[in-house]
Structures are given as structure tokens and as C-alpha cells.
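Two complexes follow with subunit A in common, the first pairing it with subunit B and the second with subunit C.
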Partner chain A sequence: MAIVKATINGMEVEVQSGTTILEAAKKIGVRIPTLCHLNLEGTGIVNRVASCRVCVVEVEGRPALAPSCAEKITNGMVINTNSTRAITGRRMAVELLLSNHPQDCLTCAKNLDCELQSLAQELGIREIKWQGEKMDYPIDKSSFSLIKDPNKCIMCRRCETVCNEVQTVGVLSGINRGFNAFVGPAFNLDVANTACTYCGQCVAVCPTGALTEVNDVGRVWRVLNNPDKHVVVQVAPAIRVAIGEMFGMESGSVTTGQLAASLRKLGFDGIFDTDFAADLTIMEEASELVHRIKHGGRLPMLTSCCPAWVKFFEHQFPDLLDIPSSCKSPQIMMGSIVKTYYAEKKGLDPKDIVVVSVMPCLAKKAEATRPELTKDYNNDVDLVLSTREYGAMLKEAGVQFDQLPEEDFDHMLGESTGASVIFGTTGGVIEAAVRTAYEWITGEELDDVEFHALRGLEGIRSATIKVGDMDLNIGIAHGLGNARKLLEDIRDGKSQYHAIEIMACPGGCIGGGGQPYHKGDMEVIKKRQEAIYKEDRSKVRRKSHENTEIIKLYEEFLGEPYGHKAHELLHTYYIPRETI
Partner chain B sequence: MSNYRMHVMVCAGTGCEAAESKIIIENFKEELKLKGYDQEIQVVKTGCFGFCGQGPIVKIQPDNVFYVKVTPADVKEIIEEHIIKGRRVERLLFEDPKEKVKLEKHDNMDFYKKQYRIALRNCGFINPEDIEEYIAFEGYEALGKVLTEMQPEDVIEIVKASGLRGRGGGGFPAGVKWGFTKNSPGDEKYVICNADEGDPGAFMDRSILEGDPHSILEAMAIAGYATGANSGIVYIRAEYPLAIKRLEIAIDQAREMGLLGENIFESGFDFDIILKLGAGAFVCGEETALIHSMEGCRGEPTKKPPFPAESGYRGKPTTVNNVETLANVCPIILKGSEWFSSIGTETSKGTKVFALAGKVNNVGLVEVPMGTTLREIIFEIGGGICDGKKFKAVQTGGPSGGVITEKDLDTPIDYESIKEIGSMMGSGGMIVMDEDNDMVEIAKFYLDFTQDESCGKCTPCRIGTKRMYEILERLTNLEGDMEDLEKLVDLGNMIKDTALCGLGQTAPNPVLSTMRYFPEEYEAYAKREKTKSYRIDPEKCIGCTLCAKACPVNCITGKVKEAHVIDESACIACGACFTVCKFDAVIKP
Partner chain C sequence: MKNTKGKFVDLDTKKLDIEKLKELDAYIESLEDKEGNLIHVLHKGQSLFGYLPENLQLYIARKIGLPASKVNGVVSFYSFFTQKPRGKHTISMCMGTACYVKGADKIFDAFKAELNVGNNEMTEDKMFTLKDIRCVGACGLAPVVLVDDKVYGHVTVEQVKEIIDKYRKED
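Let's turn to the complex of A and B:
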């Protein structure tokens, strides 16, 4: 590629042709504020609609200011990022946005996490010059996962880009025009009446409070304060590598011990690890895979841990409902076991037990309400908090998370292996399954448990693993758009895979819609992934079927993996849904 | 045509059709048949004659007599008097507003005298629903010439040399545009005709499509040959049903005759055209938004570059030309680039069609050579201002342009000069205002249009134009102040500087230009010197009571033959009193 030269604020810069002004400026240490722009490098999530006009700069010889996020450097360009004209244009864009914003910052869910708020601070805006009508639309609270407040929408279109181009769900798009324009489902339908998967990636990228999670913190406090309830909690693998970010810890800090300690501080009666349930999932899923391979069952088999993915295929591929594994997700398996095995062991009435989950995910909130995932009219999982909500609870309770001593999870449902912790990232579920399936199929011990071919952050990956005489073809996709490609291949009869792992979010659960906001910084997600593998390496046991509490659970209660009782408690079915 | 001794040409453009020209045509046919003349005299349904303010228009050939404001009831008289007895129907002839004499030939009318018709050459002369009539007027000769005698490069060279520039408003050289598309690599290429005409009051594209659809189809095929495209698409707003119908008929007829389709003129060149109907969003006239709309996406502009010539419809190299631009192509091919470039000014060649409207005597479509002055257009062709009022300003360029005042009326109009005097050519809307027009209200009207038509994509246009409109509302409600005027200028300039597309960047123009030329009108509002209600000048009022009778809210009181008074708190400013007063005693707010 050709090299082009330009001048930015009097400094010479040499870049590859095709580089934007924003990228070139960054290279020489010039910061240009942005708002609608988003580039999660390596994931394909790029929003470059140039709509907010916050990043405008002056290009000599041009009649109008240019959006630096989208304008490419050409030879000889003379650019001023901080001329009075550029700053005035930028300020006015932000002032205009603020003039049509509710400005309820103090009570907004995004307070201190809002990019518009930060920008107003950065530009030193102390007065909003333009007063006038503000948008006044009803807030969509129809779903269990997310809340959509059109009045806070600034038309940055990040959510739309993610929903359409990355996830290919196609629920969100610009509606109305002019001053009345905002992003929402067609005909401004309630989210609950659409094909939304609740993946929450729209929430993850929304710069303002227009898209936020349904907040369940109050409900959790209430059950914790109810002496008649026995409240147990489980935390998903991806929480431990992310929650530290909310307490000033570096991205990628592994905080498993502090997490267990913090849960105890809040007064939960049982402190359990979803990792345990992930090991249990592997017992079932690996059994199902071995069963399908040995008995000529439907292949490939697709993982079913991710509830956004489950809802996606129910809407988009209702003809392929026999492809995914019938395993419930680890969160729901944990709920089932708590309300049966644990209740029995503790002599508790399941009705008095409340299962709270802390999940990196917003789809988990909706998943917990699915009618078929209940036992005896009692939800397997009762309340779901996102990582962010749990962090907020800790802050509210004055728990200094970063200073907590490391503690263990409670026994019975607290032990976990390295195989389960890697559930938190793309490629992890299938790697964990392979570790177990390998030993079960070959009867040999697996020495090197790390399958590096399955790791990484590319959207679609594939690998062939030698399992005895058999070549096991494995496909992996993260991001629903990538998943769609693999599904279409299956529908067309072109798929050569035996097993496919799918996670809806970029990077897997570490990049989930309920995680601390990454604010467009891909490094954060990469560090979380590194931390996941670090945690795996630190474990004594790294294969799910070696988890002693799991072995005991089967001996004492479940019987055979993939057996009768396991089917009753740990497996589910899927429902064809309409596409809107 | 030669079998008939006489032709009755009846305008069937949208304006005249709305005034029952369809029935006029029916009546002519029936009546002629009844009288036994249907084999001698042909009734021809034509496109727009351009003199829309005088419609429905009926022209009798070869007598070259031009009847105006004809009603279905007049048909019998025209037949009996003119056709049978050879006498003119005096009362249906056009009366010159200045000389007050009846004129029977259109060539003698001021409205037509100074016009030079290239784009509108066939409008009003041929039946747009009959391809043979088009062919009789050199139709498809240019395409034949291009396909059999010329290389694509030669075609582009001729168009370049002619100096033809985009008539949609941008003024980009058409030949250069074609050259870009030709040189862009691509397995498929497209020619799009932009027929998303949306300026309030502008209808030149519609009239061309209604009156001479084949000229556009032929030019598109030529553009296709020149640029390497085999597919053409006309993006036309669904609100133009008659133009759509005529285009459909024209496409079918051209296909039937092998003038569209495969191997045209046995040259090996294939070209076909389809229509895409738009929902009428103004912003879809912007070429990137138009392309997105065609692709089934939200009609929103995207940043250029990439230009459509590199990556357009379906990501393929695409030429987007406006209707009027295309209408000039065939004459250029047939008569040569030198002929075309001899018309007009140094930088702007050929003619421009304007939709002349507002407070001017002769309302209609006007095609004049570039370089004609506004004074010629308004006062000679347009016949001056209605009711002898004083000229105040003329808005060109529609909601993207600005006002031009008395002092600039003698500027020869071309793309550059009109910009220099603070407006723009735009697509050709021309609204004339007289002394009674309130310039703040005019600016508010245009801004209301643009803020309503904004797609909402970029912040300055979505929120900025709304805030500007709100300031104007505040001012006209007498709730504003002088600081609001500063804000208007700041905001207007910022929107021009930061908006994403042409619509946003030009939206503040009507406000900024009226502020520039009529600051005192804005100040009068800001200082609240204006009143919201009408008032009566007691010196002029003679107490005729007409106003009191006309007032719908009964807020005018006064005894007969004594000066009347308006209760300002009850006045709804409807203007009924102003209209009925014969003594100029009512003062506007």
C-alpha cells in the first residue's frame, strides 16, 4: 500500500493510504474527541457513520469541516484539529445533543459511564445555549433484559450497526426522520415483540443511557433481607476476570478469591460457582456428543450454553432445532441442582430457596424466565444480576472489592476445574468438551490439555482434533453474524463439522452485554481472555470429569451422565419462533 | 400525422389534467366524431406547454392559435367557431397583462419570446404516449448515431466539450462524471436517472418526464453506452403518477421497437431500464441517499467519497444524472458540442429550466439560455409582479438557496454568479415575492420544510435546524430578542460547516440570506415592534364595513362611515380583512 503524507496541527505524519485522519492523529499523539465512532479492532465491529459530527476537523481548502473518523488522509492534506473553527463546530454538536437530552445524569443508569457526559466535561460545556423541544417517547420496558429509552438516543447508530451488521439480528434501525428520529425496532415495536436475542451488545456499545439493562438490584436486596428465604448465589466464569475493572483494578485481573469473599460479605447463604455447573454441562454435553457420534445421531452438534444464541436460532433457523445440544445452560443447570440435590441435602423446601446469578450477560435474565426452564412452577434461577449490577451492589454496600482477602466458594457446588473457567471465552466450551470427550472416546489420558488451535479472537475458526482413530472437526463462531454463516452451511448440507461452539458476544462471555463497559477498547477484551487462560493454568484439575464434587453428584444423585435423571433435570427443548 | 388537416393539441400535464384537460380531450373527440370531422382533425394529448398559470391550454395547428384557461364547456365553441367557421374564439385567447391586447400566437407572448427550448423541446408538441411522434422529431437518432458511429470515449468527449453541467443543483460537469464511471473498474455498472424532484414549487423534471419521456430513456441508453452500463434505473417519486405511467408506456414501446433491450441497432449493445418508486423524501434526491433508498435501506446520505462513480448502486460504479441534464444529451449528440457551448456563459453552457412561481403574472416553466438576467425572467417572461405591486425578492435554489433582491436583478444568471450573490441555482425553483411578503415568515417556511425533510442522521441537521426553526417561531410569536438573531447566525453557520450532506449544509441558507438582505425585518420581530394582529389605518378607513363582515371572529368594530378598529387580543391574523379592504386601510402585522 502506498504511503501518504499530511500535516496535522503543524506536525508531519506519514501513514498508509486508507488511514483516517482520526487514526493518523492518534499515531502522533493528537486526541480528537469522538462519539458515534466505534472500532473494536479484530471483531469486525466498526461504526463509522460519521453522524455525530463531534470529531470534525478543519482541512485546508475545504469549504466545510470534515469528520475525522471517516475522512481518509490524502497526500498533502493540511489538517487542524484544534482551530477555533473546529472546536466551535465540535462544541456546538455536543451542545445540540445536550439540548435534546433529558439531562437526568444524577439518576441515570449510565451516570459516570456515559460517553456524552464525559464529552461534555472534556469540552468544558457549562451552559446549554440551545433550548427547545425535547424528544418525548415512552420508555420500552417490555423485556426482562434491557430497557430502551429513545429520549436518550443520540442517533450514533452503534447499536444498529451491531444488531444488523455484526449480529445480523436486524431488529434495530433508524425510525422516523428529522428531529423525531431515533433508533428502535420497526414500527417502534416493543423489544419483547421482536426477534431480539437479548445479546445485549447494543447495551454494551451504547454511549448514553438509551440502552441499559433491567436493574434487579433492588429485588436481590429484598430477598437477602428476607429471613424466610435461603438465598444462594452463583457467579459465571467471565465475572472474575472483569469485575475488578469497576474497582480500579487493571483489566485482566483475576479476582476469583475476592469474588467469593465479596458474596459472603453481602450475606448470601450459599456461595457457588457457575464453573461447577459448567463442568456438569461438559459431562452432559460431551456424553451427548459421544452418543451422537457413536449412534449416528444428528451432526454437527451445536453448543447451547448461550441463551442469546438459543433465541437466535429459534427465530432464524426454526428448521434446525434438532441441531443444538439439548443441554440446559450452566446457569440453569445450577438452578436445577440447587433446587433438587442441594435442597435435599440441606433439608430445605425448594420454594424457600432463591437462586441468584451474577452473569456477564443480559440474555441470562430473559433465559431465567423461560417457562420450560422451571421445575414444579418454581424458577430454577430466580434473579439474575449483570456484572455491572453486582459491582454496583458492592459499592452500595461499601465493600472494598480490591482489598478483600481471597476466599473459596462453598463446598458441594463450589469446586471447579480449568475446563469450566474457559467457558468464559470463545472456544472455551468446545475445548473443555474435547478434553473430556477425548478421554472418553479413546480411554486414554490426555496429557496436553491445551488446544491452541481452538483459541483466538477470529470470528470463525475451525480445527481438526485427532481423537484416537477419528478426526474430530470442530467449528467455532462468536458473534451471531458469524454463527449465521455456519448455520447456513448446515442448512445447505455443506458443513463438515462434528461439533460447533457458538457464543453470541464478541470474545464470548468476557465481552458480554452485562460486563463493565469496554468503551470501545478492544485491549480490555483481550486482557480478559488472557486472564481466563491464566486461571485455567492455575487449576490443579483441568478436565471437567475430574471435578470431585461432580463425581459425587452423579454418584449420590444423578446416576449416569446423559441418563434418565440427568435428562429430566439438565436437558431442555427449543421452540420455533417468528422472525420480525 | 399527415393524413389530418388540423391538430388539436391539448395539454395533459399534471397541472392541466388537474383542471379537467382529460375531459376536454374526451369532449373534443366526441364532438368531432359527432360532427364527422374525426378523420380530418386529430386530437393530440401533449405534454406540458409550460405556461401553467394559463392552463388548461389548447393549441390548434397549423393555425398556431393558443387558447388558454379552456374548460370542457368551451370545446363546442372552439369546434364550431374555430374549426368549422375559421373564426378565433376571442375570449379564450391570452391577454397580454401589460398591453391588454389579445394574442393568438404563443410566439408573440412575452412568456415565450425570450425562451430557448432544448430540454423542453418536445413538450407540448408531441404526444408523449406515442413513440412514433418522438421518432418523428429526431427521436432515437442520437442513440443510433452513438451506437453505430461512435466509441464510448467519443461520446464522453462530446458531452465534456459541450460544457453540460448537472442540472439537479450541483453543476458538476456531466461528461466528467461519465468519464469517472467509465474508468471505474466494475463487472456491472448502472445509470440512474434522478427524478426525485422535491423542491417546493419546482416541477421541471416532472414536466419533461410527462411531456417527453423518450428523451430521457434515449439519453440514459447513451449514458449507458458511454460509461459501460447495461442497466438503467429511473428513481422517481410515487407522487408523480402521470410521469410514472408515461415512462412505463415509453419503456414498453421502446422495448417493442428494439430501442431498449438486447443488441440495440444491432450494435451488440444491451441496455434496459426499470423504474424504482421513491416515497418522496426530499433527502432521497441526494445521490447517496437515493442509492441507499433504491437498495431497500433507509434513505440516508453517506459520506462522499466514495462517490457513486466508484461505488454506487449495489457497490458498483454508477452514474446519477438529473432528468433535465439527461434531457440535453440527445440534442448535444445530434447538433454537436460547439452548438451547445455557444449558448450560455463562460462557465455555464446551454439553457436552464426554471419553475417560475409566486407573485408573478406569468406562472409556469421557463427555459432560458444561461446568462439571462433575473430581470428578464421575472419582468419580461414573467410579465412582472401581480397587481402592480413592488418586487421584493426572488428565492432561487428552493429550500437550499437564498433570496436575491432588486440590486442583483441584472446579474446574468449562471452557476457561479448566482452563488456570488448569495443563492444557488439549485434545481430551478424560482419563487417571486412582492412587497407584502414577510421575509422572516418566508425563511421560516423553508426551514420548516428542511427540518421536516431532514433524515435525522447527523446532529447539526437533526437538532440544529429544529433549534433554528424554534428561534424563528419565537421571533414571529414576538417572544424573541436580539440575542436570538446572533444565535441564528451562529447556528446557521455551524450547520453549514458541519452537516453531513448537501441538504443539511444548505438548510440555513434561506435564513442567512434573508437576514443578510432584510435585517430590519428580523429586528422588528426581535424588538417586538411588530404586532401579532392586523390593524386599521384610521386615516385610510372610510367605514365601508366590509372588513367587519369578513372577520370570522368578529373582532372588528366601528360604525358605518367611521374608521373601524381591530381588537388586537382577539385577532387571529387570518388576513380576511386585508383581502377584502379596497382602500389599503388594513395594515399587516
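Let's turn to the complex of A and C:
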């Protein structure tokens, strides 16, 4: 590719043709403020609509300022990123955005996490010069997962890009034109009436408070302070490698011990690990895979841990509902076991138990309300908090997370293996399943448990694993657009896989819609992934079927994996849904 | 199904006229690139049905394999498309700069009063829909009113009733 030369702020820069001014400036250490722009490298999440005009720069000899995020460098360009004209233009773009933006920053859910707010601060804006006509749209609170407040929307289109181009869900689109334009579902429908999967990636990329999660913190405080309730909590694998970021710790810090300690500080009656339930999922899922392979069942088998993925295939591939594993997700499995086995052991009435989950995910909130995931009119899981909400609860309670000693989870449902930890990253569920399926199919011990062929961050990956005399073909996809490609191959009869793992979010749960905001920095997600594998390596037991509390659970309560009782408690079914 | 304003949105595609749908289907089938011709399909739909109700937009979206949100985005962006039924005649008041300076707003008000409708509304007898439009490029004739495809130039407030009566008499 051709090399082009240009000058930025008096410095020479040489880049490949096709490079944007913004990328070239970054290369030589010149930072240009941006707002609508987003590029999560390696995930396909790129928003380059140049709608906000915050990144404008001056190009010598041109009458108009150029949006540096979209404008490509050409030979001989002389660029000035901080001339008076560029700065004035940039500042005016932000001032105009603020002219009709609600000014309730102090009480906004995005306070201190808002990119528009940071920008106003960075540019030193001290007054709202123009008071424009304000928008007056109803706030969509129809779902259990997310809240859409179009009045705070700055039309950056990041959510629309993610929903359409990355996830291929197609729920959000720009509707109307000019001042009346907003981003929303077709016909301005309530999001609960659409094919939204609640993956929450729109929330993860929204720069302002236009898209946020449903806040369940108050409900959790209330049950914690109700003496008649026995409140147990579970935390997902991906929380321990991300929550530290909210307390000034480095991305990728492993904080499993502090997490258990913090839950105890808040007064939960049982402190359990969703990792335990992830090991349980593997017992069931690997059994189902082995069963399908040995008895000529439907292949490939698809994982079913991710509730956004489940809702996606119910809407988009209602003809393929026999393909995914029938296993409930680890979160729901934990709820089922708490309300049965644990209740029995503790002599508690399941109606008095409240199961709270801390999840990196917003779809988990909606999942917990699915009618088929209740037993005897009791929800398996009652309340779901995102990583962000849990972090906020700790701050509210004055718990200094980073200063906490390391503690362990409560036992009975607290032990976990390395196999369960890696559920938090793309490729992890299938690697965990292979570790167990390998030993069950061959009857031999697996020496090297690390399957590097299954790891990485490419959107679609595949590998063939030798299991005895059998070649086990595995596919992996993260991001629902990538999942769609694998599903279309299955529909067309072109798929050669035995098993496929799918996670809706970039990187898997580590990049979930409920995690601390990455603000477009892919390094954060990479570091969380490294931390997950580090935690796996630190575990004595690294195969799910070696978890002693799991073995005990089957001996004392469930019987055989994939057996009758397991089916009743740990498996579910799917519902064909329409696409709107 | 409910929208965010609490309004019922009818998405029942079975309520659409089958004969008209057959013609629309045949048109869509004749297109090689269905997605790329969305706007043409919408034109066809509007000419057949008179307007593009929500259930027709959903029908078209499913037929050509696009999300309904995209189709609704296009329909709501272009002022040519209408999501509400239109009267037999559409009266369009040009609100471009030249027409505005020449008193287009006063003429528009006169139409509203005479027809007893607001902007983008249809008269009770379903004869007229009144709407404002952007510059039609006939600034020399400002202020300009269009009734369907016919252009009326240098329109005065006094002429408003005259124009309306002309169409009322024809029918």
C-alpha cells in the first residue's frame, strides 16, 4: 500500500494511504478530542459517522474544518489540530450539543461516566451560551434490562452501528429527520415489544445517559434489610477481573478474594460463586454433547449460557431451536440449586430465600424474569445487578474495595475449578466442555488442559481437537453478527462442527453490557481476558468434573448428570419469537 | 402493540388488502436487488395503498429481508412518504425562504382555517390533506402552492378559497 506524507502541528508524519487524520495524529502522540467516534479494534465495532464534529481540525488551504475521524490523510496535507479556528469550531460543536441537552448531570445515571460531560470539562466550557428548544420524548422503561431516554441522545449513532452492523439485531435506527430525529425501534415501539436481545452493547457504547441499565440497587438494599429474608448472592466469572477498575485498580486485576469479602461486608447470608454453577453447567453440557455424539443426536450442539444469544436465536432462527443445548445458564442453574438443594440442606422455605446475582450483563436481568425459569411460582433468580450497579452499591456503603482482605466464598456452592473461571471469556465455555468431554469420551486423563487453539479475540474461530480417534470440530463466535454467519451455515447444511460456542458480547462476558465502561479502549478488554486465564492457571483443579462440591451435589441430590432430576432442574426449552 | 407514547400500533399484516399485496409482491419479485431498491418498493406501496401504514412497512421489511426499524427510518425521513391516510388531493405549501418572505405563513394559515385542519392533517370529508414542504425551486413564482402536481404561483390569501372551491366543484 502507498505511503503518504503529511504535517500535523508542524510534525512530519508518514502513514499508509487510507489512514484517517485522527489515526495519524495518534501515531505521533497528538490527541484530538472525539465524541461520536468509536473503534474497538478487533471486534468490528467501528463508528465513523462524523456526526458530532468535535474532532474537527484545520487543513491548510481549505475553507471548512475537517472531521479528523473520517477524513483520510492525503499527500502534502498540512494539518493543525489546535489552531484557534479548530478549537473554536470544536468548542462550538459541544456548546450546540449542550444547548438542548438536559442539564441534570448531578442526578444522571451517567454522572462521572459521561463522555459529553468529560468533553465539556476538557474544553473548559463554563456556561451554556445558547438555550435551545428542549426535546420532550417519553422515556422507554418497558424492559427489565435497559432504559432509553432519547432526550439525552446526541445522535452519535454508536448504538445504531452496534445494533445493526455488529450484532445484526436491527432494532435501533434513526427515525424522523432534523430536530425531530431520534434513535429508536421501528414505529417508536417500546423496546420490550421488539427483537431486542438485551445484550446491552448499546448501553456499553452510549457516550451519554441516553441508554442505561434498569437500576435494581434499591430493591437489593430492601431485601438485605428485611430480616425475614435469607439473601444469597452469586457473582459471575467476569466480575472478578473487571470490578477493580471502578476502584482505581489496574485493568486486569484479579480480585476474587476482595469480591467475596465485599459481599460479606454488605451482609449477604450466603456468598456463592457462579463459577460453581459454571462447573455444573459443564457437567450437563458435556454430558449432552457426549450423548448427542454417541446416539446420533442433532449436531452441532450450541452453547446456551448467554441469554442475549438465546433471545437472538429465538427471534432470528426460530426454525433451529433444537440445535442449542437445553442447559439453563449458570446463573439460573445456581438459582435452581439454591431454591432446592440448598434450601433443603439449610431447612429453609424457598419462598424466604432471595437469590441476587451480580452479572457483567444486562440480558441476565431479563433472563431472570422468563416465565419458564421459575419453579412453583418462585423465580430461580430474583434480582440481578450489573457489575456497575454492584460497584455503585459498594461505594454507597463506603466499602473500600481495593483495601479489602482476600476471603473465600461460602462452601456447599462456592468451590470452583479453572474450567469455570474461563466461562468469562470467548472460547472459555467450549474449552471447559472439551476438558471434561475429552476425559469422558476417551476414559484417559487429560494432561495439558490448555487448548490454545480455542483462545483469542478473532470474531469467528475454529479448531479441530483430537479426542481419542475422533476429530472434534469446534466453532466459536462472539458478537451476534458473527454468530449469525455460523447459524446461516447450519441452516444451509454447510456446517461441519460438532459443537459451537456463542457469546453475544465482544470478548465474551468480559466485554459485557453491564461491565465498567471501557470507553472504546480495547486494551481494557484484552487485560480482562489475560486475567481470566491467569485465574485459571492459579487453580488446583481445572476440570469441572473434579469439583468436589459438584461431585457431592450429584451424589446427595441430583443423581446422574443429564439424568431425570438434572433434567427437571437444570434444563429448559426455547420459544420461537417474531422479528420486529 | 404499544409504542413509547402509549399509542397502539397495528402490526397485523393480515389486515392488508390481498389484491394490492399481490401486485406489490409481483413488483418486489421483479427486482434483482431488493434491499437496494427499498425506496422504489416504498413508492410502489404508497401508490397502491395511498399511504404506508405500520403494518405495510413491516410487511415490506419482512418481504425484502430488512429490519423494520430501517424501513421505518427511511419512510419517516423522506417527506414524500406518508404514514397517515391522505385526502383525495394534497395541498402543499412551499415554506422555502423566498415563499416565506412573500408571506407563505399567512397563506398557510388561511388554508388551515378554510379547511379546518392542522399541518399534515386530512379534512373530515377526506378530500384534502394539507402540508408544508421545503423549497420547490420555483422561487420566481413565490409564494407557491401545489395541489397534487399542479403549481399555483403568486398566490394571495384571497385566492385560497377559490383554489379549494375549484377542486370541490370538480368532484
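In this text, the second predicted complex is superposed on the first by the 580 of 580 C-alpha atoms of A that agree within 3 Å, B and C clash if a C-alpha of one lies under 4 Å from a C-alpha of the other, contacts with A are read in each partner's own complex, and residues count from 1 in each chain.
Keep this in mind: a contact is a pair of C-beta atoms (placed from the backbone, for glycine too) under 8 Å apart; a residue touches a chain by one contact, two chains touch by 3 or more.
Predicted, not measured: the structure shown is a model, and the values here were computed from it.
Upon superposition of the two complexes on subunit A, a steric clash is found between subunit B and subunit C.
When subunit B and subunit C are set side by side, the one touching more residues of subunit A is B. By the document's definition of touching, of the two partners only subunit C reaches A:D190; subunit B does not.
With both structures placed on the common chain, the touch criterion links A:R177 to subunit B and to subunit C.
In the overlay built on the shared chain, the residue A:S462 is in contact with neither subunit B nor subunit C. When the two complexes are overlaid on their common chain A, residue A:I580 makes contact with subunit C while staying clear of subunit B.
Of the two partner chains, subunit C is the only one touched by A:Y137; subunit B is not.
Of the two partner chains placed around the shared chain by superposition, neither subunit B nor subunit C is touched by A:S118. Once the two complexes are overlaid on the shared chain, A:T374 sits clear of subunit B and of subunit C alike.
Of 5-13, 59-67, 113-121 or 131-139, the subunit C stretch that intrudes into subunit B once chain A is superposed is 131-139 (criterion: clashing C-alpha atoms).
Shared contact residues of subunit A with subunit B and subunit C: 173-174, 176-177. Residues 281, 283, 298, 300, 302-303, 305, 451-460, 462-467, 470, 487, 490-491, 494, 496-500, 505 of subunit B touch subunit A in their complex.
Looking at the complex, you find that subunit A touches subunit C at residues 137-140, 142, 164, 169-177, 184-190, 193, 579-580. Interface residues of subunit A, counted against subunit B in their complex, comprise 49-54, 56, 64-65, 67, 70-72, 85, 88-89, 92-93, 96-97, 99-100, 129-130, 132-133, 154-155, 173-174, 176-181.
Listed in rising order, the residues of subunit C touching subunit A in the complex are 1-6, 9, 11, 54, 57-58, 61-62, 66-73, 76-77.
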